[in-house]
Amino acid sequence: MSARPRYAYLGPEGTFTEAALRQVASPDEAEYLPQSDVASAIAAVRDGQADFAVVAIESTVEGGVTATLDSLATGSPLVLLREVLVPVQFTLAAAPGVRLEDVRRISAHPHAWVQCRRWLAHHLPQVVHVPATSNTAPAALIADALRTGGPADLGFDAALVPPPAVQTYGLDVLAADVADNVAALTRFVVVGHPGDVPPPSGADKTTLVVHLPDNEAGALLAMLEQFAVRGVNLSRIESRPIGDALGRYSFSIDAEGHITDERVGEAIMGLRRRCPYVRFLGSYPRADAVEPTVHVGTADSDFVGARTWLRAVREGRAT
Amino acid sequence: MSARPRYAYLGPEGTFTEAALRQVASPDEAEYLPQSDVASAIAAVRDGQADFAVVAIESTVEGGVTATLDSLATGSPLVLLREVLVPVQFTLAAAPGVRLEDVRRISAHPHAWVQCRRWLAHHLPQVVHVPATSNTAPAALIADALRTGGPADLGFDAALVPPPAVQTYGLDVLAADVADNVAALTRFVVVGHPGDVPPPSGADKTTLVVHLPDNEAGALLAMLEQFAVRGVNLSRIESRPIGDALGRYSFSIDAEGHITDERVGEAIMGLRRRCPYVRFLGSYPRADAVEPTVHVGTADSDFVGARTWLRAVREGRAT
Amino acid sequence: MSARPRYAYLGPEGTFTEAALRQVASPDEAEYLPQSDVASAIAAVRDGQADFAVVAIESTVEGGVTATLDSLATGSPLVLLREVLVPVQFTLAAAPGVRLEDVRRISAHPHAWVQCRRWLAHHLPQVVHVPATSNTAPAALIADALRTGGPADLGFDAALVPPPAVQTYGLDVLAADVADNVAALTRFVVVGHPGDVPPPSGADKTTLVVHLPDNEAGALLAMLEQFAVRGVNLSRIESRPIGDALGRYSFSIDAEGHITDERVGEAIMGLRRRCPYVRFLGSYPRADAVEPTVHVGTADSDFVGARTWLRAVREGRAT
Amino acid sequence: MSARPRYAYLGPEGTFTEAALRQVASPDEAEYLPQSDVASAIAAVRDGQADFAVVAIESTVEGGVTATLDSLATGSPLVLLREVLVPVQFTLAAAPGVRLEDVRRISAHPHAWVQCRRWLAHHLPQVVHVPATSNTAPAALIADALRTGGPADLGFDAALVPPPAVQTYGLDVLAADVADNVAALTRFVVVGHPGDVPPPSGADKTTLVVHLPDNEAGALLAMLEQFAVRGVNLSRIESRPIGDALGRYSFSIDAEGHITDERVGEAIMGLRRRCPYVRFLGSYPRADAVEPTVHVGTADSDFVGARTWLRAVREGRAT
């Protein structure tokens, strides 16, 4: 029986998600619970099998991770507690002995495939994509085949894998750093049950899910004005279909600041009043530690001062 | 010594302001303190000679009464407690015996002159304007001359006066209802010391003075958005020069609703935070008893519900 | 018969308006046609008695000159061709021999009275205001009385007059520089018939009259957005009642830039499309020669480039 | 050699995309060129192997099809010529003889899997997902195995396939209509080379790609105002990462109306002036034939009238 916190994540060993998890808690401090997909990792928290999940939420190349956004937007409430950035890089690897010029079929998670498209088009234009369920699944298949001595056809000759998976699974490198975008990053979040919100660090973001009141362009503008009029900047806004009809969207938003900030609180109350659905997905420190811009008149002290004045005005003690 | 409330107003007897005052308190209930001008009436409240002042603030023809707007915008704090609408009509009157065809010079307050311009241009195109300090001053001069038997030249032959002044001063009517705009109204306000704000009647307005943060068009837009984002409509907005440089304005605003309304309170706090100067000039029932439009999500219950929810979110009890 | 341009202005000699007119055209170059009031000066242009009128439109102390704003907003079309700034200063003057301590009644145009209110309250608190139709009318009355030898009671003992009137009318100075605001300025405009718009100087303003589509706060916001979205700043915005009902306003606006500027043209077309009434009152050089701020993407070349691109897109030659 | 238009699409036979293509051109009228993925279908048009591509762009369940959005946003210019809606429904099918209770592994395209998740969780909670590259790939594998008599293990027992694929590939139905959302629709577009824009049908939409000028919340608001101020509604707005850094987005937008509409043209010129990147992706009839709402003052005739007036004003012929 373990008293260590249990983390569900997209496994198995060697994934980018594991690299993110290692930034959060070492294998000594925590129990690692690998899952087959993002939805399962999040479900593991909901049903009590895990205390936390570490899941990708956004990448520079692919944008929002829809499985994560959609799993968090509905279902029993969960919150984001922390974010972690992991550089994205891929290695083209294979069982020992395979040569680059023999590669015809490459197993890769579709996201990995996309991120190496230009490299592949240039170096292996004839190669065929064999989709994998995760970045490490093909590495594990190769390792299995090597261990069982089987020369069996795996259906592919090589795989795009995260660099750590090369050693974990005993592969050979055919080409390193094959991702097209050398600055690529993936943002991971630690998901947990609602409870005490982490206190403000001074450089926080707040994540929300918001449905617009109706199917008008003006509704998005009105939502953005709820933030703008309180001087709250947004660092991310993504639309996802609500799913019941074309043209109805749910917005996933990262706002600069913490839920306990006066300006953030008032903006979110504005959304709560005007929008049919608002879900708070957490306030947590930014991985980049960038402090929010505080516009004139929107510091906490400005709000407190205005509230004190309004109370005096209402009581006839000020004008 | 009098226990009756004392009302300063633009006198003497027979003015429109007196007609407004009569709607507020009868001469039996109140002490009437006629003043020579609006600024004096307001000053009488400030220096304790009167409890209240009744002054014109806006007319359909002339717009804002600048003396009132400017006197209230600065100086020791006063608030509006009530508004009263008075139809504006003028009578061309003279000493008994004067005939319309003999009229060459007409005494009239400049506002009265403007409001009868078309009638005068049509019926008495050659007549000369002799400016008066109030609407009833020329009537009083005629009455004086009649009483003292003096045939002395008053400098004018007839006067534009409010209808009640005809009888008060013993004049003859040369032409009734000579104002160009038969629907003309003047809005008067009762001014008093800050103190208990009248409770909401359900159909209130709130008057404010606001200076913009700087000399940009964008600043006015930002101010209007403070109201719009909380669903508060404005029924009047007028600019007045601040007086220190061309291009710097003070805005006099009537917002629909009462200072104790959540949406009005939050909007005004927004102004307080962003603008260099905000003065509350009172919340009071609208004379026309028109209830404000309450937009979706801006009722008091919406604000209270959102605040309760935000507290729960901040304490980790909701998402 | 005169070939010199004829200028109507608020006379007689010695007024601030004359000082403004002198900046525009010397008495040698132009025929000066003094008028009794602003409305008459403007009417003189409309009915052909004058080629131009020089009238005050705004002062730092009193704000918009309502007679000017209202006369230009309706009636046959006139335009502003030029603006002139005149410092506002007043002298308390009287017939030779009058002493300051004897002054009980002061004749002054109401605007002059207001601008010297603090000085008067401090130095002559008991003095009574005798309203005059212009700043120089009382000076002329004194001069007349002196010339005709009449000791007749003028109804006042001294007058607030523009400094040049002292010499013109042979008065004595009782106190110089009695205006409360030493930085006070009045802005005058030269009004003429529409025709060739003066070419852009690079530092122009454009004056407009606009009625809002309806009686909503949102309508003013929408009007301001027509300017903001094209990057046009406003240097003045004033409301005037339309006159048919309380709460209906006409806006008098100065926008930075010239009607031939692309951004100004598009903004004004936006007003023309959305508002029930838009009147162009001219584009003319700013007296202060301040060049407008040109925001990113709003230079003429940006508009021309966008239009060229749109044409190509519509013709299938670009995307 | 063929004179029929050539259509690239996501094949093989039996896909939803083929169903969409059949709405556009029958196999008799057109040459069908099945491709292995969306990017290849679009590339086929770019490199001249096809005249048009039919690709999914949005579904009610999954939202924007990122491969389509990203392929169109960059690269050599292509435009959308038409849109087609296809109801989305899935059948769980297998080789003849397989029984529902024997199914352990189901091959399905990840999108199909997501859209049947609830049905699967309820009826086959233990089943494992075997990802397929397309909706029909597993059906083709079964058909191949049946034809070659091979009892070989395909790695899965059943497949989620589009209903038409059942007959095409000779499968047995284990369960029909297993998609969770019975109202699900996918929107397909016909992609072609820029050239003559289809003339307005009266119920059109215009698709754009826009990058914001910088990384501020205010920039999105400013972009939306470019549409709002011209009365153009948006029916879709989706963000996609630009890919060079977290927090930089490209927006994919559907605006109501046609590029030849005055209001659409002016709005798009506004974007062109203010945004670093704007790409026109076509104006084409809406599949639902819903006509756009035309707000007051935004009809073509309003724009033409305003332009005529502005020209007259600039030439001094109007005010």
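As written, the chains take the letters A, B, C and D, and residue 1 is the first residue of each chain.
Just so it is clear, contacts are C-beta pairs under 8 Å (C-beta built on N, C-alpha and C of every residue); 3 or more make two chains touch, one makes a residue touch a chain.
Predicted model, so just to flag it, every value in this text is computed and none were measured.
Path length between chain A and chain C in the touching-chain graph (shortest route): 2. Between the CA-based centres of chain A and chain B the separation comes to 59 Å, rounded to the whole angstrom. Separation between the centroids of chain A and chain D, computed from CA atoms only, is 25 Å.
Multi-chain contact residues of chain D (touching two or more other chains): 225, 228.
Here the chains touching each other pair up as A-B, A-D, B-C, C-D. Interface residues of chain A, counted against chain B in their complex, comprise 77-79, 194-197, 213, 222, 225-226, 228-230, 259-260, 265-266, 268-270, 272-274, 279-281, 296-298, 302-303, 305-307, 309-310, 313-314, 316-319. Remark: chain B residues 37, 39, 58-63, 66-67, 85, 110, 114, 129, 131-133, 155, 181, 183, 185, 187, 215-218, 220-221, 224-225, 227-228, 232-241, 243-247, 249 touch chain C in the complex.
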